[in-house]
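As written, the chains take the letters A, B, C, D, E, F and G, and residue 1 is the first residue of each chain.
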């Protein structure tokens, strides 16, 4: 088809860009302290050693055996994630090969890569749009602390835990696929401890 | 058609399965047809050039690893070439050969990913990608053997390479070089003549010779348009003038040509590795370089043929331990400038394919 | 014969009940707090690659589809005749074949016209 | 047959092809088959998901799920539990009622298709004497469900996916329907059970072209690769169910596989001789054939790239449809010549038909329609 | 009995859905309501033992016509504006009501020549022989096809770019 | 009442359907809704035809064959109708029946 | 008449995939079958030799990240530094190995382990006590050929596919 000059359709969006920029600035101002790790309860649980009901066990089994991953692959760590999905390490063995492009259908966000402030609102938005229950694995030093780029604080978020709560931290730059699988197994252990039937309690 | 449909704006990315990271395209669509796109950068701007000004010359090498993270070795090499030019360091013979071997291995790995991701964008349900990843794992194994990391090698250093290769490296490399052509043939059988792939890629996203030259494209994108331009031969750096290899070129400049050129280059890289392996001399692998390099005041530009095109490092020194300015010429960014002309008037599906065929890495674009 | 349709009708009701049941189980479980339910404005907004949507979401569509549906409509009507014809072709014999050939020809004139006028092409 | 519920009209002398009363009276028959069909579809879908993930894994030189339960057999169960207990999100901007109803409307037709498919001689819910027409009609309803989903989400990706789906279904309905007519011509009946009974040799041999057309068009109708445009991951995120989560998403997932199983079952019934086969019990033959057909779909999905929307339409309109009509006419002539009577003639006709298939496909791709360039050339 | 139940269910759904078509504010929902109405008319056909016709009803109305209507809705961007009435609302209502009254009166007061003969099943072969057989409707069939052809050609000419 | 399903039932149903369609055709402004209402009326006619076929001439099926022709006409009508709507829409960017005024167009 | 583009390509591709179905998969099942990593692996933890370290601080200076925190005090009698605090934030470190290369006394090694995922961000910081070498915490052979020679040979995918299980 003949495409004429249709610039006008796009460029009124300067306003839009300005709005986005404002959103980024706001987020930056609001998220300086890190979100505390959300698993204080885990220690209590572990120390009290409460036996889970069988229904809980079943639910947890289902949830931990089919963790579908949301797409959030900003940078280099993504390739180790793909390698883990790939033919040599094969995350599919744990039923995890399904990548859902839509966060509505995903359970786990593996933050494979550097998070910049420009990207932060999007990642936060995607995290917010994921249906619960949802988990986050911070992969790589960039995900944990900003890693090699942490000393460029004007651009890089010093760790995903400033934006979204993180369940498991996997150090490495990038972590080996085995390390990632180990982290995922830690997450599975954590899920297995979860209590779901909270009727009666809060 | 005559009925005026109102184009609507759709965000592709930053979190989209096939934008190769966090690239965002604000596309204007008319139904399925792409009317216009506006690439939006900066979702991975990590301030590499700025960071480089705060680090020592050695400390920058890890940063270059993370620029185009699927061809780290080439980035390391380009940077080291620039520093060596700046400081006038002579590299030992054996190190040069090792550098060539590593760079070519990395090139194969990068092309494997490029081709795999391209085929994946065409909709081949991960299969070619998986096969190519399998072969990439083998290369990664080799590179891990010498450097200890799987992705960010930090291996090539100013004045040579960081360590000599272990003794089991060469036999493994030999096996690899012997096996690899068989696998490349297998990929060819898998999809090269597939009717659907031909329909999807042939004649799609044509970048003519003139256009390609005008927008300073380089690498396979340029060569697919029929320009025989490869810095390894046009301006031989390191020891590339000692090897014999061809420069595969395309004719039309469409997505299919870019795909074919990449596959053909893998074979050429294997040829280079073969030659380098047999000629590999003994000797030291690193020149005597002071721990903190202080190059004389001046500037230097070194470029090489990275998998994606011409990768250049421009360094300005003020005789301190950190560069005064470090500028990077990323091939992906320059190649990407052709995108808008290539996709307008095509369908959404073609947009993805064309985008995949350019083969970008966002880390390099945004830096 | 009618009994068969009785089966079908009842089956339809059963299937719809089953489906509704499947869709409503999570709602029931939500009261047991097994299924979480924490809506927030961002979660309930629209997903578009992590960005806010630009412009209207119910967009107007291009019109090429219309021609396909048009020809589909004509051919669909052809099917009304084809099936009874196919079942009893053996009884109808040659004359039936000729009738249907004429029919197909007539409809296909439209089809070929569309092909020639390039409305089957999607530019 | 015990007429518990008399439908007020005396039964005509039409003899049903099969004893519809083998599990007992009307209500028992209905109950039995309702339960059997729903259970069958659900288990087959689970099996299909398992086969797809394992098979695809192995074809990609991976393993596929093998941790959850023995050999990973419980993987679909785990998925089901998880998805069932996932939060349900309805976007504020969405049309809520339609958003809720869409999975129901999409799922019901997929299940309804199985009502007329014989699992064994006479073992079917209702032996309609317009069986095939019923299938064709019902399968066109599921478009509505998918379109509802796409529209109600008020998401551009969903809408794009839904429009693609409508376009694809509309285009491929015709080759599909015309390919069936060939079978009907030979069998002389619309009842699926009759058609199976008529298959002394599987119709794939008598109707190779019809089989080819039906397989391609069927794959396109249910959006299996290489025609899986409407949920093309790499293009439009997740297509029409981008905004669906939890159980409602699971319904669409189910529909996708249930329809694949349905198409496989229809192919089995129409072309592969349905439940007929030596040695094994008929229902086992049926299940085996269905799974074999499904495996072929997985196989093609693993290998082939995705086709583009205009190429998809062009393939339907300019390649499959004319061939379907030609096939129809040729079959009609052959039937009028009443050939498939004696064995040697049948053999001759099989060879003739395969030759026709090869010649037609070659000729057509040579002169009229070429799928092989970026833009379709005609 | 079963027939009667079927009839009453279908009839009530038909009327509700038809009312939905005219009353629902959202055009897309009105179209969905129309589809429901079509489906239920197929049910009515089945109670009249016209099984072939029921299948055709679903095939053509639900499969094709409703798709066309939905496409028309999608292409004209009038969804937002809703399903409005014009100024003639009240007169139209009165006319429709009067018409309904007259029809119902006529229908109930006319002695219809009802036969007790059982309906023909299966209908497909009978329809085939009536349509294509000796003394059948061959000519009307061809004319119908020609009508359809002219409709297609006209539609293409109308809708195509000038 | 449940058991005596007669011709009248069908005819009354069809009359109601027709009346609803008629009301919609007269009172609605959106041309697409008007088309939909016309379809409703055609369906009402079809019900009548099939009902007569069932109760008056059950062995000939003439009514059913007529119904088939009505369906064909309906298909042709909707095809043309949508084409006209699109053509009008192209001209005046609206499909409001009250605004369609051909003399000014 | 050339028979390309009549489905031949598709059939070839289909053959490739079906042959893979019969081929042995290349998967190593991680938790049970572990790959031997490279002898020079730069693992995600550090091994620090309390005896050899003189507290010179070269590693800190070499680290491009500044991930190493070292606090020393001079003890008069032995005329050397004692290391009071030596900690590395492994969540911040990028495993570049430059510190190991720089250490003039071979007192710092990268670990051989990579399974270092933690539930808490704070646990990622490795202190002096945690970095000591033990049989469970082996050091990798990065920049130390002596240690490398003792480590197991790397498993190569290259060889596994040829030997076949």
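Following the convention adopted for this analysis, contacts are C-beta pairs under 8 Å (C-beta built on N, C-alpha and C of every residue); 3 or more make two chains touch, one makes a residue touch a chain.
Keep in mind that this is a model prediction, so the values were computed, not measured.
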Q: Please identify each chain that touches subunit A as well as subunit G.
A: B, D
Q: Using the touch rule from the top, work out which pair, C-F or A-D, shares more C-beta pairs.
A: A-D
**Q.** Approximate Å spacing (C-alpha centroids) for the pair subunit B, subunit D
**A.** 44
**Q.** Interchain centroid distance [CA atoms averaged], subunit B/subunit G, Å
**A.** 25
Q: Please work out the Cα centroid separation of subunit D and subunit F, and write it as a whole number of Å.
A: 33
**Q.** Multi-chain contact sites of subunit D, meaning residues that touch two or more partners
**A.** 5, 7-9, 12, 14, 57, 59-63, 85-89, 128-130, 133-134, 136, 151, 156-157, 163, 166, 170, 173, 190, 233, 237, 242-243, 246, 302-304, 309-310, 372, 376
Q) Which residues of subunit A are in contact with two or more other chains? A) 1, 13, 59, 86-88, 90, 93, 99, 101-102, 104, 122-123, 126, 129, 131-133, 148, 151, 173, 176, 196
Q) Considering subunit G alone, which of its residues make contact with at least two other chains? A) 5-7, 10, 13, 16-17, 20, 25-27, 29, 37, 64, 94-96, 157
Q) Which subunit B residues qualify as touching subunit G in the complex? A) 55-56, 58-63, 127, 131, 134, 137-138, 141-142, 144-149, 152, 154, 162-163, 166, 168, 172, 175-176, 179, 186, 189-198, 291
(Q) Can you tell me which positions in subunit B touch subunit D when the two form their complex? (A) 8, 10, 16-18, 31-32, 119-127, 130-131, 134, 190-191, 194-204, 254, 347-350, 352
Q: State the interface residues of subunit D toward subunit B in the complex, per the touch definition above.
A: 56, 59-62, 156-157, 160, 163-164, 225-226, 228-229, 232-237, 301-311, 371-376
Q | Sites on subunit D touched by subunit C in the complex | A | 1, 3, 5, 7-9, 11-12, 14, 20, 26, 29-30, 33-34, 37-38, 84-93, 100, 103-104, 107-108, 111-112, 115, 125-130, 132-134, 136, 151, 153-157, 159, 163, 166-167, 170-171, 173-174, 177-178, 181, 184-185, 188-190, 237, 242-243, 246-248, 250-251, 309-310, 313-314, 317-318, 321, 325, 328-329, 332-333, 335-336, 338, 376, 378
Q: In the complex, go through subunit D and note every residue touching subunit E.
A: 5-10, 12, 14, 95, 97-98, 128-130, 133-134, 136-138, 140-141, 143-144, 147-148, 151, 163, 166, 170, 173, 190
